[in-house]
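In what comes next, chain A is part of two complexes: it sits with chain B in the first one and with chain C in the second one.
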Partner chain A sequence: MRAFNAELSKLFSLPGMWLAFLIGAFAPAAIAALDSIAEKEEIIAGVSIRLSEVGYIGLGLGVQGIIILGVLAVSSEYLTESSESGGGNQITTSLTVVSSRFHFLLAKAGAVTVTSALLSIVAILATVSATNLILGEYAPAFEASRLIGVVCYWTFTALLAFGITVLTKNGMIPLTVLIINSSVVTVSYLLTKVTKLAFYLPDRAGTDMLMSGGFHTPFTGGLIMFAWVAVLFIIADIVFDRRDVAS
Partner chain B sequence: MLLYNENHNRKEVLWLLTINNLVKHRGKQEILSGVSFKARPGRVTGFLGPNGAGKSSTLRILLGLDRATSGSALINGVPFAELQNPLATVGAALDGFGAHRMRTGRAHLRWIARAAGLSRSRVEEVLEIVDLTKVAGKRVGNYSLGMGRRLGMAAALLGDPKILVLDEPVNGLDPEGIRWIRTFLRERAASGKTVLLSSHLMGELAETVDDVVIINHGKVVAEGTLEEVIGNHATLEEAFFALTSEHAGDAV
Partner chain C sequence: MSVSSRRKITQILGAELDKLITLPLIWFTIMGTFIINLVLTRAFTSAGLQGAAGTQSILNIGLASMGYLQAGFIILGILATCSEYTGGQIRTTLTTIPWRGFQLSAKHLALAIITIPVAFIIAASGVLYAFIMMRDTAVVIEIDIMIKTIAGATGYLTLTTLLSAAIGALLRRTTPALVVLLGYYFIVSPLLRDFLPSSKNYFPDTAGSYMYMPPSSDEINVLTPMQGTGISMLWTLIFITVAIVFYRKRDA
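So, the complex of A and B:
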């Protein structure tokens, strides 16, 4: 519990995290607002085919903030100080404060989980308010089950980013790959054109929790994504436990 | 291994560091080839050697940061990973500041305090001890080398540990800082605590340490009290060069 408190304290005292919070909390609402404005006339005329997606698009794309959070939680530990200060890093301090590496990793993952779940709730509230403000009585009804899907999707995405960064130690690779994959070019989406197996990739399966008419039911989609998170955490823990901090 | 101090009426647990036959390979290189020594309570032990001799590797294994290929490094009989409350047992300051440059000094110490269940007032106390109170609200990235080293010391002292392990503590300190750390470490030892520090600066150490361990090319070449290690040489520095150059000669 103490280690968990310490990890929360670390997250909130890092300026880069506030960028993650800002993007995570408000980007989805902004996207949803733009989308609502664009679709407004068709929705009012009753001819929009995208009514059920309004809002969720923003919440799907808003994971960028959460990716930054998951990556930064780990990469900040490995950020090397300038050479004139001796080239140390924070991870040496972290591991001399908490003696069990497993507890350290668990505490950090716990802090990331709680923070991303809270952040997704803030994002949902902002998004629902934004759509209601613009579409008024025409705003789509947000179903509780899909909103829970959003919370899970965000949290699992943060944990995937976290786990990958434990393996790479450096934030640049996971940050670039994950952000591009979730915004510009979705590799897993392209792969679904080639093989059905791609629907079992974590981000594909995960989006089925919030988008209607997916390959999996929302529950199965969530389960598949969670399985990815669990396996990645186990691998990350094994690697982290055996690793020399100096190497 | 628990020892009891016979000089005291009440039985007091002593805080001992035991390094036993440590071997460490990194790739094909052998960094440590059977390092053994002890650091005892109530004494300042100086762990000396040229750069690259294996000092930091030994300390990192002792603190559970790196794994030994074989051998053991024990804190009061147990490896670091088995310590219940590490911060109250061992305070460590290794290379660099050990802090993220975007955090303030105070925020850095506060998360450490949280991890050990210590109060915020303890953070202010250690800031006062190392004389960083005035700059505690500044980001660590703006600290000078001396200030960063003192922040590392503050972190090591937070839990008021029985044992201090310091890697090159006088590096980057100004003469006043060196004098301060010397007095401070002498006081810690006088109150029965264990202090192990590494250094490649002989002159600074001769006045601080009680016991000396000299390491060269991953092997301990001398161990004993300061007087024993100096032996017939005029100074610790001369003894050090005599011992380390002999071994350098052997290796060729």
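So, the complex of A and C:
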């Protein structure tokens, strides 16, 4: 529990975290607002076909913030300070204090989970109110099950970013791969054109939790994404257990 | 001791090139981009082959991965400038080269010298792969259009790299620079294209994309390749200038 508190305090004191919170909390609402404005014109013109999707696009893209959170939580530990301030690594200190590596990783994952779940709830509140404000009487009802899907999707994405970064130790690769892959036209979407297996990739399966008309039902989508997260966490833990800290 | 200014510039350029070449991350990025581009082109090619045969142009398929490819070049640009700030290399640099404007311009120039051949090879390899795979089914393309398009793609990737380097020099930290640039190129820009269709042609990436868009009759190409190049270059120059101005004013 103390390790968990320590991880939370480390997470919140990272300067990059503010960027993550800013993007995570406000970008979905902003995108949803823009989308609602466009949607309102369509409703008035009577050609609206995707009213039930309004807002979810923003929430789907808002995982950017959560990706930053998951990546930074780990990569900040490995950041070498400049030689003028000792050239230290935070990870050495962290592992001196919490000597069990499994507990260290578990506490960190717990901190990431709690933070991202909270952030997703903030983002949902902001998005729902933005949509209601603009669409007024036309605003769609947000189903609780899909909103739970959003929370799961955000949390799992954060944990995926976390797990990948434990493996790479450098923040750049996971950040690039995941940001591109959560963009408007994703690589995995492209792969679904080539092979049906791509529907089982974590982000494809995960978006089925919040977008309607996917390949999987929301529940199986969530299960598949959770399986990815669990497998990745186990691999990350094994690698992290066996690795020399300094290397 | 006075050194002639011409000699000075050559020496600065040499030093900057040396620094870039000895940065291992640069080579990892280039190799990674090359491999990922081939994988993506392969995916696009097989998707194209499954589609209606004969309707796809080799250039469209070969350069379809450009959207993802630019991420590698964005990283390249950011690495070039931000690597100075991890560990205080910048102070050594500025002690030996106290002319800040020259130094940053030379860095951009050195980066361009490295990027141009790399971008050319990567863009050409994608087109070549699509050409080999689709020789039998796709429409034949004249060689001069192909060269023009690949040159345009090279120019676009180089300008993107320089723009990223300028942003990196402005922000000085790798992660925020990466997030800002990737967020712009992959999230904000596609959304803006939908919401602001009137002014979309004047953003650096959409204008730049006209540089390698193969001329075709069914798509309405609003800008000619030259106009696209001009707008894209203007953006890059503005950002480099801003970066140099800040660099000169600011405490290192």
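The rule is simple: the second predicted complex is superposed on the first by the 241 of 247 C-alpha atoms of A that agree within 3 Å, B and C clash if a C-alpha of one lies under 4 Å from a C-alpha of the other, contacts with A are read in each partner's own complex, and residues count from 1 in each chain.
Keep this in mind: a contact is a pair of C-beta atoms (placed from the backbone, for glycine too) under 8 Å apart; a residue touches a chain by one contact, two chains touch by 3 or more.
Computed from a predicted model, the values in this text were never measured in an experiment.
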Should the pairing of chain B and chain C on chain A count as a clash or a fit in the superposition?
fit
Contact-wise, after the overlay, does A:L22 reach chain B, chain C, both or neither (first, second, both, neither)?
neither
Who does A:I234 touch here: chain B (first), chain C (second), both, or neither?
neither
May I ask you to decide whether A:L72 touches chain B, chain C, both, or neither, giving the answer as first, second, both or neither?
second
Look at A:L190 in the shared chain and tell me whether it touches chain B only, chain C only, both, or neither; answer first, second, both or neither.
second
Mind computing the angle chain B to chain A to chain C from the CA centres, in steps of 10 degrees?
90
Using the superposition on chain A described above, determine whether A:L61 touches chain B (first), chain C (second), both, or neither.
second
Applying the document's definition of touch, where does A:L34 land relative to chain B and chain C: first, second, both, or neither?
second
Shortest CA-CA distance in Å separating chain B from chain C in the superposed model:
10
Using the superposition described at the top, list the residues of chain A that contact chain B and also contact chain C.
16, 82, 84
Under the touch definition given earlier, write down the residues of chain A that touch chain C in their complex.
16, 19, 23, 31, 34, 38, 61, 64, 68, 72, 75, 80, 82-84, 171-172, 175-176, 179-180, 183-185, 187, 190-191, 193-194
For chain B, which residues count as touching chain A in their complex?
26, 56-57, 60, 63-67, 80-84, 86-87, 90, 92, 94-104, 107, 110-112, 114-117, 143, 145, 148, 155, 171-172
Write out the stretch or stretches of chain C touching chain A in their complex.
40, 43-44, 46-47, 50, 67-68, 71, 75, 86-88, 174-176, 178-179, 182-183, 186-187, 190-191, 194-195
Parts of chain A lying in touch with chain B, wherever the complex brings them together
2-3, 5-7, 9-10, 13-16, 76, 79, 81-82, 84-90, 92-93, 95-101, 242, 244-247
